[in-house]
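Please find one structure pasted underneath; my questions will follow.
As written, the chains take the letters A, B, C and D, and residue 1 is the first residue of each chain.
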Amino acid sequence: MSALAPHFSYWVTLFLMVAGLYILIARGNLVKKLIGLAVLQSSVYLLYIAPGKLLGGTAPIVAAGFSTYSNPLPHVLILTAIVVGVATLALGLAITVRIREAYGSIEEDEILERDRAEGR
Amino acid sequence: MALQRDLFSVVVLFAIYSFLMATVLVALDAVDVAMTEAAVGAGASTVLLLGALHLTGAREAKRMERPLVPLALSIVVAAVLGWGSLGLPAFSDPGAPIHTHVVPRYLNDGPRETGVPNIVAAVLASYRGYDTLGETVVVFAAGAGVIALLRRRKRR
Amino acid sequence: MKDDIILRVVAKLLLPFMLLFALYVQFHADFGPGGGFQAGVIAAAAVIFYSLIFGLRAGERLAPPWIVEAMLAGGVLVYAGVGVAGLLLGGNYLDYFVLHADPAAGQHRGIFWVEIGVLLTVAGAMLKLYTMFAGRDRNEDGEEEGA
Amino acid sequence: MLEHLPALQVVLPLVAAPLIVLARSTRFAWLATTVVSYACLVCAALLASRVADGGAISYALGNWPPPWGIEYRVDALSAFVLVAVSLTASFVAPYAQRSIAAEIEPDRQYLMYAMYCLCLAGLLGMAITGDAFNLFVFLEISSLASYVLIALGRRRQALFAAYQYMLLGTVGATFYVIGVGLLYLVTGTLNFADLAERLRMVQDLRPVLAALAFITVGMGLKFALFPLHQWLPNAYAFAPSMATAFLAATATKVSVYVLLRYYFTVFDPAALFERLPTREIFLLLSVAAMVVASLAAVYQRDVKRLFAWSSVAQVGYITLGIGLENQAGLTGSITHLLNHGVTKGAIFLLLGGVALRAGAGAVTMETLAGLGRRMPLTALGLVVAGLSLIGLPGTAGFVTKWYLIVGALERGAWWVVAAIAASSLIAVAYVWRVVEAAYLREAPAPAAARREAPAGMLAAGLAMAGLCVYFGFFTSINVEGAHAAAALLLRGAQ
């Protein structure tokens, strides 16, 4: 237990990761898969940001009266990751909308079935 | 969220999740990230999801067959990460490499070198400004890509 | 929602304040949380809010599609242009030091314009995404609705 | 201006994309794309020659010294990849005009060009950057663009193929970010050179090993490392012709490059290859890909799918060099980045011409019937590129196999030599099916008229097929560059 205690901040990451991956693989609905993907991506946020926190510190905006700041570099990286995440989500949803229009369904197995019926 | 079959509630849950994430980020002193997560994760993503649901229908078909294989797979992946994280520095350890290498220059000289006291803004726009150019291009790519995919046909 | 007088009045009243808040978030980024990304989303949200109440058409009158697309592309060009300016003034790509005789002032100038570029692209993209999704079923393609 | 070549290499296509969107003109879009593609080739060639003469080039973006700022770093390996990518681009761009006009609706053709420019910029940025996180950003640029390129295919299966690719590609990219995050947490830096140095000092290796696993699987998803290849056959089969040709020739190659960069210059190769079963894993996976995917190719009816499966097999050849981990093996691998790019590029460019004339969405074996009569030059080009795929002496494919076999013999791995031979034999089988359909089967009556593909498309395809032969005889570009790159990687190993 003593080995695990200093690393509790990663448990949340792990839980989110399992949840995201699980929704992504197990569910057949295309929108739901995208939400799983978004949860998976957001699990990374804590992996980067939590270790950057220093107890007794403050947000990295330099001002008189503070000397300890949390680490700004992970913040910058995750800002990028969030924006990349929403960009991917937007594109994924656009493709899903087109799939719905072309196949009349957004369930993975029904789409595969229709493709098979067409004989590739 | 995994079990809920009404996609509308899934989206609402997802928005709540994003807001919770934003508050956690505030607690971790990542105010810029929290603001972005609230605006982009909870705001923009939700609007996009709702817009898409309107076009695709909000009901998930059914079932969940063989849920164990995916579960095992995701747990294996997480176990690898969990095992790896055991070797990481402890939480809030000021002697961790991320606090002693590279970053001290940002914190100590950033305000003088860039004239911006918000170090996140300084790193984002100047030290690692090229990343942010790439990020802007990613947004541009998504915008142009969605136009290419969803622009209405003129005739038909 | 077009007929609700309260919503209509509130929407019109709120719009300038939301845009003002976006500008605050944009230009106060040096001293507090904020920046082009957040400001861009807020500015786009203001217009989206407006078009939710008054309809997509009205929203498009407020922000015509060609302007939105120009913002989308223009933002990247502004950002990349700052980099090219650095090249032309004898520095490396995205070198802000050479943008002004005083290096720190040059940094300030570079960051300012770069954030403007981000704001334009993000606001343009968010607006475009919304109108693309919301406008998809208002035409011939609607025939496939519910098929 | 020459010292700014590294920045121009990526910024030119990056700026072209918004200009195209702003101009909204198909003509301008094509012009800008072509100009930029040639400019990129010139940049890459100049960079390669400067690196060959004077060693690695470092370029500090924003004039912030690394590791505080982002560094562009061109060495023998990245220069080689830059040349390979922009060489393909310079053939695809002129080809695109007729191909896009035929396959994409007029009001979004310019967006297709913009996406192509973004994809090119992303791939070049991945190859040139010296920063782990910057690589992720450019990976996403190229990925998002390629999802759109694939989804714009004419048939509806293209949409689902793009969706699947997007899902797996994003998981791959997320795994990559997780791996980079772990490395960052134990070293505090993102710069490759700095990372390599500081990783040597890390005491607890658990996070590093987890990072290795995540980066390997993440990149493996992107370059279709067997058995992570499920997205590839459909994506290539249903994408528009020019997108298939461009992606097949470049996208997977750049991701392999990323893996090479990590394995040999970031991680400690001595530990990686001596203390872990890296060699055995890569040999097994590569051989499995070479044999299984080739067999799958034999049974395809759709010709684009056939060659897509063959691509999975060819990725096996490229990763074989990682498993061999010696000068000859790595030379074979790296030269195959270019050789296979040229070969597959030629095949898909020519097939695009066939699809255009057939008017059908899919090119099946029936569509190819009588091709030798109807489109003699196209058929000839396909045969030449097919021979290169098999690895006949005098073609680019042979050069690769020669070095791989030498590398395998040095390791004493006879079974690998046997697998290369077996895989080549299976390649004979699937290439023969194409040849048989083109030359021995009668064309269906209505399509019997002789009509080649439009000149621009035909010329690009034939020129690439010509390169397959050129690189088979004159190896100064492909082998010497690869040799220097392999030597560089192995130097890092000591």
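Operating definition for what follows: a residue touches a chain if its C-beta (ideal position, glycine included) is under 8 Å from a C-beta of that chain, and two chains touch if they have at least 3 such contacts.
Here the structure is a predicted model, which is why all the values come from computation and not from measurement.
S.K.: Any idea which two chains share the most contacting C-beta pairs?
M.R.: The largest set of C-beta contacts joins the chains A-B.
S.K.: When the C-alpha atoms of chain A and chain B are each averaged to a single point, how far apart are the two points in Å?
M.R.: Taking the average C-alpha coordinate of chain A and of chain B, the gap between them is 6 Å.
S.K.: Report the inter-centroid distance (CA atoms only) between chain B and chain C in whole Å.
M.R.: It comes to 20 Å between the two C-alpha centres.
S.K.: Rounded to a whole Å, what is the gap between the Cα centroids of chain C and chain D?
M.R.: So the centroids are 35 Å from each other.
S.K.: Between chain B and chain D, what is the gap in Å from one C-alpha centre to the other?
M.R.: 29
S.K.: For chain A, what residues touch not just one other chain but two or more?
M.R.: Touching at least two other chains: 21, 30, 47, 51, 59, 61, 74, 77, 79-80, 83-84, 87-88, 90-91, 93-98.
S.K.: Identify all positions of chain D at which a residue touches two or more other chains, and write them in rising order.
M.R.: Correct list: 14, 17-18, 21, 61-62, 133, 137, 140, 144, 147-148, 151, 178, 182, 184-185.
S.K.: For chain B, give me the residues that contact two or more of the other chains.
M.R.: Chain B, residues with two or more chain partners: 31-32, 36, 40, 44, 48, 51-52, 55, 57, 81, 85-86, 88-89, 96, 98-99, 102-103, 106, 117-118, 120, 124, 126, 128-135, 137-147, 149-151, 153.
S.K.: Treating touching as the only link between chains, describe the layout with one word: line, ring, star, complete or other.
M.R.: Drawn as a graph, the chains make a fully connected set, so complete.
S.K.: Quick check on the complex: what are the chain D residues that touch chain C?
M.R.: Touch list, chain D to chain C: 4, 7, 11, 14-15, 17-19, 21-22, 24, 59-63.
S.K.: Spell out the part of chain D that touches chain A in their complex, as residue ranges.
M.R.: Against chain A, the touching part of chain D is residues 133, 137, 140, 144, 147-148, 151, 156-157, 159-160, 162-163, 166-167, 170-171, 174, 177-178, 181-182, 184-185, 301-302, 305.
S.K.: Name, in rising order, each residue of chain C that touches chain A in their complex.
M.R.: Interface residues on the chain C side: 31-33, 37, 122, 129, 132-133, 136, 141, 144, 147.
S.K.: Quick check: in the complex, which residue numbers of chain B touch chain A?
M.R.: 1-2, 7, 10-11, 14, 17-18, 21, 24-25, 28-33, 36-37, 40-41, 44-45, 48-49, 51-53, 55-57, 60-61, 64, 67, 70-71, 73-75, 77-78, 81-82, 85-86, 88-94, 96, 98-99, 102-103, 106-107, 110-111, 117-120, 123-124, 128, 131-132, 134-135, 138-139, 141-143, 145-146, 149-150
S.K.: List the residues on chain B that touch chain D in their complex, please.
M.R.: 80-81, 83-89, 96-103, 105-106, 126-131, 133-135, 137-138, 140-142, 144-145, 147-149, 151, 153-154
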